[in-house]
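The chains carry the letters A, B, C and D, assigned in the order they are written, with residues numbered from 1 in each.
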């Protein structure tokens, strides 16, 4: 299905459930996707960092994406992350995703290497040149250690290399300036800006962002859909209250012991523990070498789900 | 005068005008302060990073603070930055500020050194112990290369070491979680949260921040006062439109050539160029070793002031 | 062939020549390998960062590795980089390398993700568990944004997970402490330490490192072989003079314009330009999206080769 | 006394002993200085980061410097750190140091601010212009978050702004290239290069560095003097063995619990604990807000002193 222009609303980055043996748990992944669609999301983003794309083999990535495309069945569009170090490798993932029926591609700047903005622009142009699908830039400096420069994004928006941006930079000031500049150039209806700042969504929507890609949306999609709806209706106090509730729930990402596990493991482990406690997925395992959450941490997730009215 | 609890509204971090010889330009500094008070700000923050505190000698700092305290004359409270590397040096600045009549102190975590959160907490407790004035934490990782941990801020809020926070971290997600947690602990009326994210003030106020410390407020204080007023009145669309206009104006901070001057020089030079073009200050010079803005850059500032309706 | 224990001497990280169309240039790659073997190197490291591994597709990686294994023909051992984000993906590359006849694997800590030292240790143990080949840790914080903790390296050396370390961290103080500690634990003859600090090789060998993996060794392998030989013979003044000459030659990596191209492109482009000028490879192209060196930069490479006595 | 040109040998950065009340312990500081001079050092560096300059008030700095100048009494030259954020503040410290009889000034790039290389060069030129004393650049990116660019150092060496460099960057590859380039320009006898890489001194001297500024030299000055002597005599194996012993001793800097104290506190606490155990200083206290070493850590320091043959 063609992507709406612009793409608005809630587009959660799906967790990828695994079996205890480490295979993709197809039944559980379908359940995650169905639950999100049922909650009213506008699209599904598969193989993002919340989807543990960095941990999955190429074969596992194909299984995950194929499963979600099939489950979505054209009800909502499916964006596929093409996470790899540089251009040719990303293009290979984009090609595979197109064959599996994805509706759009999400790609980050090169990483592992030291790259110039001119090289980043060329990177996106080459990826776009190799696929018929709309391409979203994935601004995630926490992972790739480069922030997409605003000038590069504007240049790639103007020449239609990029159809949109998934902004996980956390730099909401830069996002505001980008939104203002896109409007000044008349690009606000053709270039979709999705914020990944999942704790400041009300502010981002007030600033003109089109939608949100919240990792926490795996756990509470209905909350984010309500938040988006309130914002679209101009009911800002209710939007803020919903965001406050979700911000409190986000504490689940910090129940892991930072002295014993990485930040990625703690957040992804919490999303999966919550989905397991909610009965959506069969097994809360994350991919190696991530340290699993301990029992006390899982109990803390449970309490926070209760506090948030989800359990 | 005692600081209001909580401190709300617009509290600009004053630029420190200099003469061509590099002395504090007392007349111009008074004019800056008068213009801000006339625009309806809630307080004045002297000797912050926008005030070039890092560049001023101790004697110059005293002159600047004394001038502003005298000009304010009790009409609005004056916060004084106490910017130095570690505890004893900061405490000396805090002591000097108290003698000069400041109404509150703003201090950052230690820098130059490698410091543990427990040491940061002790740092603030010792500074607080050495002064009768309310103490604000200054979260400015761009300068001190440490983000104040939320747990530390909450601990120092709970035991009244800190009266508030000036959050220039740009991490609006962390700010949201802090605000939610302060409310959960019943501290929202006693601990003042001022955002330094001057391009996302509408969102921060929607999230519950008490006020804003905008460097750009030197140039357009009336804009920030309107933005704050709209937000307090729940007129969010108008708040967002005002913020959009200010975000466009913020482009003045990037007219400097990044190949020829530092980020600090470019932003501070632009604020001063604008104040000079607006007829507020006599000389746009910044302190050495900052490279001054070139003629083309100053013209670009002028055009942006015109676009923003200020000139 | 089994790797020598310990592995000593010069083990250059081979450049991967490309055709103008971007395919692996098999003839030129063979020529690079033959020239290195002829110069007396102790091993060949394929698919490292100097080999543009981050830019090559899986198929290209297989072609490059297979070509070098065949060319080496058992005369010197071949180490294969297994560069990917996390454990399962790295293990897949290691498996492919084993099938192609590599004699050892070189793997870095996870990247793109935020990983704990305990997870890094588990990562290496799992990779080691999936292959019969000796495994070298690749400490390259510039690319993966984590430094391998000394405690982790020592633990993995003691339990034979790692057969050695390629230290490209540039932290020669940490390297010294590691070497001292390996000796204290009696591991100095079983755990091979190869420095990637190609400008301080004399010091590293004096400190007890077993060998060196110099990117510049692509250009001047005989120089590094001489340097190693002088060091082994205790002829330190001559070792230092050789290192000085190589350090001057290293200026080729900075002829690229940093305002127009990334650090990776500049260094890799210079190595390839030099190999092209020396008549070793047919085409100096680097993989997209790297900006190629301009004519003036290539001329500067030529002059530096002349200054270094190579042209 | 005039500084030797070039300045060679061991120039330890003196610890600043404190009384239990936090005042400068003048008797103990004299004892530190006497012990260093007795061990054969070439100069004394007061108010560096090992001297806790960042923690001392201006008055304390004056006391410390005055005490060491008086104790030295012209037997060895005294370098004074002028550690502050930007130019005017550094110049004030340099002026005070000159009045107190220092023989040279050591200053870093600006910090807290975001500074361009052209501004860094201007910074050093202005400091130099304000004093008659030789000026050393202090390259300490760990503290100031900027590495002094090689081009800037070479420019400031060529025009005699800088008399030398104290390189605490830990980037020994960059140091090698600088040394090679200084020789190429005929500056090797007029510009003094002192390494702060205290665990790779043998390599640095082999590369042509003139001397070393070792924090650990507070504890074992005789070891560093021997290391330097061996190197000057071309007895490299003995130099390396001495460096190995010192590298093992350096483990004292890691006895502190990283979960409970900062890296600065752990290292400085260990140096002072060692000096206390050795009977040189009366009290091992470090300045607030540094967490003091616990009893177990102090015992570990003692054992390492025994292992190193010092106790």
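In this text, a contact is a pair of C-beta atoms (placed from the backbone, for glycine too) under 8 Å apart; a residue touches a chain by one contact, two chains touch by 3 or more.
Keep in mind it's a predicted model, so treat the numbers as computed, not measured.
A.B. asks: Looking at the contacts, which chains touch chain C and chain D alike?
C.D. replies: none
A.B. asks: Where centres are the averaged C-alpha coordinates, which chain has the largest centre distance to chain A?
C.D. replies: Result for the farthest chain: D.
A.B. asks: Compute the distance, rounded to whole Å, between the mean C-alpha positions of chain A and chain D.
C.D. replies: A distance of 48 Å separates the two centres.
A.B. asks: With chain centres defined as C-alpha means, what is the inter-centre distance between chain B and chain D in Å?
C.D. replies: The answer is 35 Å.
A.B. asks: Of all the residues in chain B, which ones touch at least 2 other chains?
C.D. replies: In chain B, no residue touches two or more other chains.
A.B. asks: I'd like to see which chains touch which, written out pair by pair.
C.D. replies: Applying the touch criterion to every chain pair yields A-B, A-C, B-D, C-D.
A.B. asks: Would you pull the chain B residues touching chain D in the complex into a rising list?
C.D. replies: Touching chain D: residues 22, 49, 54-58, 60, 83, 85-89, 92, 110-116, 118-120, 122-123, 126, 142-145, 260-265, 287-291 of chain B.
A.B. asks: Would you pull the chain A residues touching chain B in the complex into a rising list?
C.D. replies: On the chain A side, the touching residues are 170-177, 179-181, 183-184, 197-200, 202-204, 206-208, 234, 236-237, 239-240, 243-244, 247-248, 250-251.
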